[in-house]
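Common to both upcoming complexes is subunit A, partnered first by subunit B, then by subunit C.
On to the complex of A and B.
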């Protein structure tokens, strides 16, 4: 008898499609009704397409060496945008369009790495601290307080002075200043979800704490953390480029937006485009991920989901 | 003899209140010295105003929260309970300890407790927050089965469909998320989850009060069917006494953390003993009045449970309260001050000071005219109807320039046996000596 019902159930399961896919469809529907979020998404997508092309098909977009800038010492003074150099050139005669297309990759990949690692560390600590409370929670909160009391750029620079100059160290220092943000956020989310009756329900059913954390709390904490990641990504790209700009990028010839911007600095009064254009590339990305993040916030809002 | 499913004695739950690390020692006495017994297959209804501690008591009984003090037995043979109560009455500590050690539910720990959870569960009031929004219905229903080790994951899958049918939902609901369901459907899912491990005892905490009236009846009937089919013992919590009357065999009335009356449902509904129950029950609309109906309105506020009223906790609102019901010098002082300083201020301008001498004495200092004592007596007598605390004044004496107002000592009511098998916590039912 019970077997039969099971079969019927499975048949219906096949008829109705996978409910998780249904959920995804709803998510897309909500997201695509928000035009600014879609614009943000499209722009973000373009940046990532850029990365893929530079990484895997550089010759396809006419890039001969994706790992270094191409100098033209015949014409070392920046030239304004023209038909041969659409974005103009910067110090050393580097073509800006070519340089920007190459540079985006480093900034984005490192920034993505920073927010994701920071979020994972923060999520785990915030989760345990919020769920267990007590002395562990107290200690973690005091540690994050210390981090928050120092301006993050100052802290990152201090760490870089100790570790020395390299792109890996910039990433490392930014992870160190960024995880407390996620720890706080994950903790706050955990505390509010811990209050919900379904957690009590799970306890009454004999569910272990570890299961409650990973089956009930994490799935509810993750979506807002994802939104937070997409909102943060823009800021992190900016900070990463800033650190490179002020000299924490190794002087080796690595295509990176902050370093590229700094090249134009000596000519800023006669060739403002050499600073403005790479700067704009960073700003537009920051804006785009932010708009996308706002759209994602709508997607995870349960009020928008229920019929 | 049948087993007693729940027998709880002198249960207390005090929640600490306030602040940070070094908080004050204040506590909310949400459940204070409650004893309750539920036999196999019985449905006991628990009624009372909001905030009186019903949910807290329900959670204590299945140890979803740990009691501050008290004893709980779960599913123990009746003769053991009889023996235990005997021992309690004779204050036979050795025997009490011996029985506790062997049978107490509070001694269960870790894996043993988790396995016992199979036999009990709770369904909460709000089906919108009691189901995890990110879990499929099938996983919600299967969770207790898997967590308590009642059946394997694979068997749980099959059971889910059987349970859905049991609560009147079609199999495709298994693959829905809670937000795709209506309130009634969600509560059906919560019920399916509640009975998924064939528990012996279920706490239903206002299972229908968040639902539309039209759906409430369906869910109540469903609960009745299920309980008969699987012989489940139930604690049915509600603030709606008609619903409790419909669902239960016995009723317990709770007020401010204490059970004030308990007995068979018809005895309580048709002839309540405790003044609070009388007020509650008089407010039910009935199609044909059995007798002259007097609606007793409950005046005053719900008492605060941090410093609950002394003596009988109902005394500030009780329409028939008398001298010993629990008035303290504080309460009487406030009323006397109101009379002397405000209401009749012009008549008492000779009075210099009013103060509390001790727990049962209030002093009034005055100068000049002796007539004040007579006047005070007269006014206090007149105001007794309005300011109920004044009935606790035992006598008023003059000492030179001072009037001493003495109060009756209050008595804390216990559970007294009344007729029709009702137990009632009201001094009116004390055995006369």
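On to the complex of A and C.
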């Protein structure tokens, strides 16, 4: 009896000591009671399991060459889905299921790279410019204005012209196009947090600016940025595939979903599956991360909590 | 502030943006070195000393030995005087100016028709899903907009193409106008129509209804694709702002006065709900123009976007210069016009 009371008392004591753990528990509860968010999370997880399998255990799922399509010129015309080719084949006799499983890895890893690097650059610049204000802020905002004055796809194409078309360069060009968005977002968040009393008290107690920025502001700016990343990931996968779709020469042999779709373009009237199926794979992923992002937004925004 | 004063101030404010735009374009085409610029102008048949001499001449003509920022001013002077250089792509080679006259009308046409379609589709659906909140219509709209929002742009165009052109055969698969119709037409010379270069308007000016209708016919499918790609955001925003407006006191007031429900929605609520949608459309235009590029590639329409991609694939600096500049100018102008509409709709933003 006394032991029990002691345990409960100890638990309550720990909870008071660790509000973060309690907060995390509530967050998990909110996220996992939202069915659409869980569905999004599970589908996203499946895509990442696909990446891990293709990267580390390709033979386990029957993939012989994870970095290349396997052309089979015995049937150069696209074949419809059948028992031997579950998703059908595309021009050159490439098995679509095999190609898609390989392609997901490249699309997703590059897109993750783009959003994370873009978010880090944008976060740092937006943070400093929002916190310091003044001339630096003004210059940064004018620079982002200029970036927004060219349609992002056209700007990305122009940067690709400078760098040359390859998957790495598509990623670089999209980072250059994407960071201003995060910079604006991080700046707006920083400006609103800067007004709060706890920053004032940190300043009054003599904390250095760098310390305030990274210890007090960053932890508060990060969660919304994180949600933004998860919402953006779907868009970036689409734009990345779009650039590969319009920019790659047909001699490339890299498993990438946009390029895979472009292979079917000439056969669109006789073999629509070779275009629709790779496109659906991207759409489902984009839907899943969007659902997950909406769920995450409910978690971090107290106004939207219903628990 | 008077509206005209606001308009003047807003026009003055785009000057720094335009200067920044020219700096970016200049950097983009000069960062790969002078060889590309020289390659556009150099006669490929020259060899030996004659070739060296020609290269030297070009260096002098374009001040390529000066520091980059001095080169920028020479280049800007040249651009302001209307000389944008040369382009060499499989679909067109010659002065960039002529290429723009050739390509930009299709792009403008596509952008205009698709933005009109966005509003035609978006306003009724957004308003209705707010009015009939949580009905089957609202739920299915939400699913549809969520899917369209997540879909990559090219996928939407391909689906539209497969459904309406391949299966239903209602619309032509590709092209800007049926070339057979244009044979022997006096105002259409070497692929350029006169005087406005926009086939639809020129055909109307010359009283040729058949060609005008045919060009609209070709533009509906790509525009529908672009509109479906961009309409999801407008519908979502319109729904939420409509819900907000319907909750306001003056709507309750209007209802309690006994005004009919359709009048409340169409006259009192919808106008106010449209204001945020107009502002968000400023940001939508950039996505719309990006969509135009992809749609032109997929539907084989010879517009600026198609030319941009050709320039990218053929290492052509002139094409990249012309297209980034023209797309930037279209975007800046569009956001200027939308800002002015916004100010006219809502007097508070003028201050």
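Operating definition for what follows: the second predicted complex is superposed on the first by the 275 of 307 C-alpha atoms of A that agree within 3 Å, B and C clash if a C-alpha of one lies under 4 Å from a C-alpha of the other, contacts with A are read in each partner's own complex, and residues count from 1 in each chain.
Definition applied: a residue touches a chain if its C-beta (ideal position, glycine included) is under 8 Å from a C-beta of that chain, and two chains touch if they have at least 3 such contacts.
Bear in mind the structure is a predicted one, so any value in this text is a computation, not a measurement.
Contacts of A:23 after superposition: subunit B is touched, whereas subunit C is not reached.
In the superposed pair of complexes, A:216 makes contact with subunit B only, with no contact to subunit C.
With both complexes superposed, C is the one of subunit B and subunit C in contact with more subunit A residues.
In the superposition on chain A, contact of A:234 is made with subunit C only, not with subunit B. Contacts of A:68 after superposition: neither subunit B nor subunit C is touched.
Once chain A of one complex is fitted onto chain A of the other, the partner contacts of A:145 are limited to subunit C, with no touch recorded for subunit B.
Once chain A of one complex is fitted onto chain A of the other, the partner contacts of A:206 are limited to subunit B, with no touch recorded for subunit C.
If you check the complex, the residues on subunit B that touch subunit A are 59, 62, 64, 113-115, 117-118, 120-122, 124, 126, 129-136, 143-144, 147-148, 157-162, 165, 171-172, 174-177, 179-180, 190, 193. Subunit C makes touch with subunit A in their complex at residues 16-18, 20-21, 23-25, 28, 31-32, 146-147, 149-155, 158-159, 161-162, 166, 173, 286-287, 289-291, 293-294, 297-298, 305, 308-309, 311-313, 315, 317, 320, 323-324, 327-328, 331-332. For subunit A in complex with subunit C, the residues that touch the partner chain are 142-143, 145-146, 148-155, 157-162, 165, 234, 237-239, 241-242, 245-247, 249, 258, 261, 265, 268-269, 272, 275-276, 279-280, 282-283, 286-287, 290.
Subunit A makes touch with subunit B in their complex at residues 1-3, 5-6, 8-9, 12-13, 15-16, 19, 23, 196-198, 200-208, 211, 215-216, 219-220, 302, 305-307.
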